[in-house]
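We call the chains A, B and C, going by the order they appear; numbering starts again at 1 in every chain.
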Amino acid sequence: MNSVAVKHQAQTVRSVPSERSLQSKTIHHGNQMWIQRTISMPPQQRGYHLITDAVLRQIPEIKSIRVGLFHLFIQHTSASLTINENADPDVRTDFETAMNHAVPESLPYVHTIEGPDDMPAHVKASMLGSSISIPISQGKLAMGMWQGIYLCEHRDAATSRNLIATIQGEPS
Amino acid sequence: MNSVAVKHQAQTVRSVPSERSLQSKTIHHGNQMWIQRTISMPPQQRGYHLITDAVLRQIPEIKSIRVGLFHLFIQHTSASLTINENADPDVRTDFETAMNHAVPESLPYVHTIEGPDDMPAHVKASMLGSSISIPISQGKLAMGMWQGIYLCEHRDAATSRNLIATIQGEPS
Amino acid sequence: MNSVAVKHQAQTVRSVPSERSLQSKTIHHGNQMWIQRTISMPPQQRGYHLITDAVLRQIPEIKSIRVGLFHLFIQHTSASLTINENADPDVRTDFETAMNHAVPESLPYVHTIEGPDDMPAHVKASMLGSSISIPISQGKLAMGMWQGIYLCEHRDAATSRNLIATIQGEPS
């Protein structure tokens, strides 16, 4: 179970939807391999969620890449992806505080029909970004020991979020 | 005509420069294809401009990629690229409001020789980023239905902006 | 010598550690080439440091790429990478001012055990990003004439920082 699912379970005491692979494609000719897969993440509470394990479970082929790049893209404009500290949950709580300060709901927005959290969600999504890319080395993501992948949910009432994972590289 | 050009036309009632391809390169050997092209965007007003159609018109070869990545890079430090909501123009108006709040012109900057909008333009450019990358799947950009590409012009009096489009992938 | 090293030397009047290549890998079969290398940057003062030359010195193979992409990743969560103005050092000073305004140390953070600069460092790192990618064209990074690569050190007392450089492309 991933950290996101564990968190939901602790709060709801019922079975928890976890991420699912919707479609997949693997191409492997000689010296360049491409793998692309859609990952559906279940709805998350507004906040910052560590999804490293949930994502890695969906891309086992990464083990077979000697050198390459991993790209992860979110197909939404009010949620985002970033890389940050993977240990202390307080860091994710403080991200919410800091991003709410940087992009307050109280500004004189014009686009307010979807609620006060909507326009700040769009701006936060662009500040943090719709994709991350991470080098692959010897079959593993070459992240630092404290780095993890965050799904940043900026809406109060979110739906599921689709991610596209794209792996390319030289097979081992 | 792209949305940017239409907007200019409405304001000026004269013929409007549109984006141009300056140079191009296509390499296609077997299982990996590279296409790279410089796109010149005409000067835009300070603000956030939807350029998805203008960019797509310059990279018709994307249709021939089965799986790959599209990378778009801006060769400037006071304008940026991001992905956000492609429907309501009010969202782009509110981006200006929110980014001006996050990076105000009133801070005690040292680098002021080019005017009060210059230093905030540099910081906004780095917050939003100088490149975007989007997965390609079955000959199309695999963006979500509400996603579009923004050219973010942070200067009051901007010149034309050069973008470098790089496509790589497995041909169909 | 790179600008970072020069700056340290001016302050300390002793021999200065410069960036080092820790490990390296080159794969070159026919039409797709991959190069990946870990670059260790010596500790920097809190602030924004131009590292273009230091990075380029470690990746001479870029000269042999006709079309491709350069990816640079930082394996840390309180330092970041961005692309911005490469000429006036005042711009880098003003980045510190602007980012401290956007993410103040005075917010009611929960994660404070590592000092008041720690949590803002994490948020700034995500706002600016843990990687940059730049097109390669005819053996050179296709940056604009005013663009350079910044290492953004967000901690007061930093250690050395590891970067992973990944180059891929079509050889000349």
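In this section, a contact is a pair of C-beta atoms (placed from the backbone, for glycine too) under 8 Å apart; a residue touches a chain by one contact, two chains touch by 3 or more.
Worth saying up front: this structure is predicted, and the values here are computed from it rather than measured.
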Shared interface numbering between subunit B and subunit A [over half = same, under half = different]: different
Fitted rotation between subunit A and its twin subunit C in degrees, CA, nearest 5: 120
Length of the line joining the C-alpha centres of subunit A and subunit B, rounded to whole Å: 23
Interface hub residues of subunit C, defined as touching at least two other chains: 30, 32, 102, 127, 129, 133, 168
Touch list for subunit B against partner subunit A, complex: 30-32, 66-69, 82-85, 88, 90-91, 93-95, 97-99, 101-102, 127-129, 132-135, 137, 142-144, 146-147, 150, 169-170
In the complex, subunit B residues that touch subunit C: 25, 27, 29-30, 32, 34, 36, 71, 73-77, 102-104, 107-111, 119-120, 122-123, 125-127, 129-131, 133, 162, 164, 166, 168
